[in-house]
Amino acid sequence: MSNATLLVSCPDRRGIVAALAQLLYGHGANILDSDQHTDLDAGMFFQRIHFDQSDLRTDETTLRGAISEVADRFDMNWRLEDPNRKRRVALFVTKVEHCLYDLLLRERSGELNGQVAAIVSNHEKLRPVADQFDVPFHYLPIDRDNKAEQERRQLEILAENEIDLVVLARYMQILSEDFLAHYPSRILNIHHSFLPAFIGGRPYHQAYRRGVKLVGATAHYATTDLDEGPIVEQDVVRCSHRDSVRDLIRKGRDLERVVLGRAVRWHLEDRVLVYGNKTVVFD
Amino acid sequence: MSNATLLVSCPDRRGIVAALAQLLYGHGANILDSDQHTDLDAGMFFQRIHFDQSDLRTDETTLRGAISEVADRFDMNWRLEDPNRKRRVALFVTKVEHCLYDLLLRERSGELNGQVAAIVSNHEKLRPVADQFDVPFHYLPIDRDNKAEQERRQLEILAENEIDLVVLARYMQILSEDFLAHYPSRILNIHHSFLPAFIGGRPYHQAYRRGVKLVGATAHYATTDLDEGPIVEQDVVRCSHRDSVRDLIRKGRDLERVVLGRAVRWHLEDRVLVYGNKTVVFD
Amino acid sequence: MSNATLLVSCPDRRGIVAALAQLLYGHGANILDSDQHTDLDAGMFFQRIHFDQSDLRTDETTLRGAISEVADRFDMNWRLEDPNRKRRVALFVTKVEHCLYDLLLRERSGELNGQVAAIVSNHEKLRPVADQFDVPFHYLPIDRDNKAEQERRQLEILAENEIDLVVLARYMQILSEDFLAHYPSRILNIHHSFLPAFIGGRPYHQAYRRGVKLVGATAHYATTDLDEGPIVEQDVVRCSHRDSVRDLIRKGRDLERVVLGRAVRWHLEDRVLVYGNKTVVFD
Amino acid sequence: MSNATLLVSCPDRRGIVAALAQLLYGHGANILDSDQHTDLDAGMFFQRIHFDQSDLRTDETTLRGAISEVADRFDMNWRLEDPNRKRRVALFVTKVEHCLYDLLLRERSGELNGQVAAIVSNHEKLRPVADQFDVPFHYLPIDRDNKAEQERRQLEILAENEIDLVVLARYMQILSEDFLAHYPSRILNIHHSFLPAFIGGRPYHQAYRRGVKLVGATAHYATTDLDEGPIVEQDVVRCSHRDSVRDLIRKGRDLERVVLGRAVRWHLEDRVLVYGNKTVVFD
């Protein structure tokens, strides 16, 4: 079956839904699934249409042309994606292995519409994991002086590997504004707290000191404002006075895996739309 | 603003989405929100379309006629509902007050697209609550011999009050097949377990004996198969060896209120579609 | 049965558990339940012992004397409480009714080891609720100029009614340092966010703007640092891009009730110990 | 530090707590942590005492003798365990890898007080995982005729490896009564439903057909009554009409890992006591 996913966002106006439905129907496409959202405050409309194009009466170029015309009329941003194309993912890691293993296992189990094409690390420690899963491992140690250069090398690796999504799977380095600008809304980070609580370093220690009764994890797109990017997914787990920082870290590991796993899956299925500092997640 | 909600279900076919979108657009309706679902196993299509009809070029009769034609073509079941019409709700209770208070308070806070028009009970105990909220209280005691007669009286009350939805808010009587047939998919019950676990009487006692680590509650449509009707909503809360049956009952009270509250709200907003023994909930 | 609850906290040392167990056994008390915690970082020990004193060989004065001696040896803070004494609770409210109703219903269902002895409000709106539950309602309107005087009047009401616990059940006034000092660790507040996220006013609006995927509620002891007091209980509920501020407020109502209800119940059963800015909750 | 854990269960009587506290104190042991539970219905008392024995005035033999005397007086079952002894764990698997990887990674991260000493499987498929983690892999294929013989071989492997705990990590074979009798309350199984709902095969398919709104997982001790053994831990995750069986299986994988991981950790820390068909979990 030959499917496609159309994602649109535009100022909210009348007739958008009908215009797109008509357009697709007119070209022989069959809508399988459609989800939409209107943010009344922002005056914005969002839609994700999943359709079967096996009986398309025209070719993709013609279809794109027709969408483009409608898009002009409604001032739309749009993308037409092929859901059967496995996206190429790069994982950035440091020394902590649980998120790395988790994503590699999710890929292998067929959960993710993507393939881990590169693992980048500033430490050697996780190379054996990369080897076990037959993924190229790129060791780029970072010190006070070489950061800009190593980022340039990282960007080369991403380009060479035609990477669609970068996942910071507990990567303990801050990326530069320039680096981030190369992959807008395409770099997912996992922060080990329920943002906006406990921004910054050592959030489990912060949580312990504050005496909270739940600890959380947040998957968000990386932006230049650290830990302030658009949130894709969050979850929490209960804790108590009995939990030491070590216990919070342990509980958090399970949480981080699940939260990051969901965010990566949704991103790779084109379910996430970013606007302002927020996300629409069509799950 | 003059809105309407169109609910359809039919065998899955091509062109349904486009046909409906075109139809509505053609009559001057503006789709505000649309949600759909295809059950591939059952080969069934479901859609809920919420639209603004303030600029309708025709009248409602014409619109209904046009929908009817499309419906014939696609073998659709459909309903066109007015979301601004407050539905009329009857609450059936026995002696337990928490679900009764909860629904009355939800109504008062404006959460529910409905109005509690009658409270029916086989005991006098909760009459003062009805009085506080200015809702007519119908006392219909039930014994071995008068059940059929009292059900007839109940049906009269429901008819007189033009009731749209009956909520069994911890009503401790089994309704007859005949009674249920008058309100198919319009009688919501709350069962105090995570169905299908612990069907039947005293589910918290059953849960205690089995030594489970979570207790649940389930809101479902009442059918002739007791506790087997289509599930609308479920939730659970953690328990442990420390919890006595009394503790489970206490924890369950919070759960029952929330689960029943959600199910009633969704039903009153025309978000629930029943098919086979399952529900589609467009929340 | 004549039970008692002993609560102790002290610097962690050897032999505390044995000393208390021996002491109670020696006086004929039978330990029914005991829970303890050592905070290794703070070097502090906490214990809650629930015991049966129906076969006490001495009287309570002698027992207290003996505890006092052990307490001196270990530098203990301690309280001996009668769990059968219904604590006297004052509820402070403004205009929002859900937490008020909820606590009154919990009391009536027998969940709380306490009795609501006074409702204090700066508005008249909720007087009918107080009347329905036969609780004296004290109307103390607050304006720019009379705050100190009204607080004095509030303290008189609390004293006259021998109040053990003050619950700020969505009370929209900040209490003065002086007022708080009269009831240290005995004023519970419900904040409608997952603290420390969204401190201050309109937390649901803040949450909406940040685009979080969960909203929370926090019950904590009121201190002079607003929203910074020791946390007793927290919980969250899932939300999405579909939720308006109004939806978050609705979801939050269910959460606030449950979170505040738990905190009040635990406090009234002497299950909460405060140290530093944290709590030990022996649930 | 030289610690020990004492676990006792006995008919509920006066003076148990004091007798044990006195005994330990008298021998120079320092109680670090103690948790107890009385099941009033069953008339049973349970306690877990964690103590420091680095200043023991006697030797362990003398201490055990003294405990034995107290135990006789109170008709106690008791065990004295060394928490520093890494327990030896055998994992039984078939073809599904997520629980296997999960437990191996938990071990490596230091979460578990144990070491995976053997992996037993009726298929070759997961041998590479065993190799990656340097754990001996025992391939014992099972067909219609050789089951008894292969179980005998399995028991030899367990004996040779001095296995303390067997974990059925999605092992798709039923164990015989004889096999189970060798490891009472020491064989943990993960069932992929919220027991007692959906006992037996293909629980996700059963859940899908019933149209539940949550799916669960249950870790329990294996007994001769399939899926009826004492429950150690359970959890659930939300699902909806949108989830196919395949989606439920995916969601379930995350759940199974977390639920089984907790149960294994608690067991290895001597936190689980079994009585009747229930568990006390001192977490």
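In order of appearance the chains are A, B, C and D, and numbering begins at 1 in each one.
Heads up, the rule we're going with is that a contact is a pair of C-beta atoms (placed from the backbone, for glycine too) under 8 Å apart; a residue touches a chain by one contact, two chains touch by 3 or more.
What you see is a predicted model; the values in this text were computed from it and never measured.
Q: Report the chain whose CA-based centre is farthest from the CA-based centre of chain B.
A: It is D.
Q: Same or different: at the chain C/chain D interface, is the fraction of residue numbers used by both copies above or below half?
A: The interface is built from the same residue numbers on each side, given that over half of them are used by both copies.
Q: What whole-number Å value describes the gap between the mean CA coordinates of chain A and chain C?
A: Taking the average C-alpha coordinate of chain A and of chain C, the gap between them is 42 Å.
Q: Where the CA atoms of chain A average out and where those of chain D average out, how many Å apart are those spots?
A: Taking the mean C-alpha position of each chain, the two centres sit 37 Å apart.
Q: Where in chain D do residues touch two or more of the other chains?
A: Residue numbers touching two or more other chains: 37.
Q: Examine which chains touch each other and state the graph shape they make (line, ring, star, complete, other).
A: complete
Q: Quick check: in the complex, which residue numbers of chain B touch chain C?
A: 97-98, 101, 105, 108-109, 111, 132, 250, 253-254, 257-258, 261
Q: Any idea which chain B residues touch chain D in the complex?
A: It is residues 37, 39-41, 194-198, 210-214, 216, 230-236, 240-242, 244, 277-281 of chain B that touch chain D.
Q: Name, in rising order, each residue of chain B that touches chain A in their complex.
A: Touch residues, chain B against chain A: 14-15, 17-19, 21-22, 24-25, 30-38, 238.
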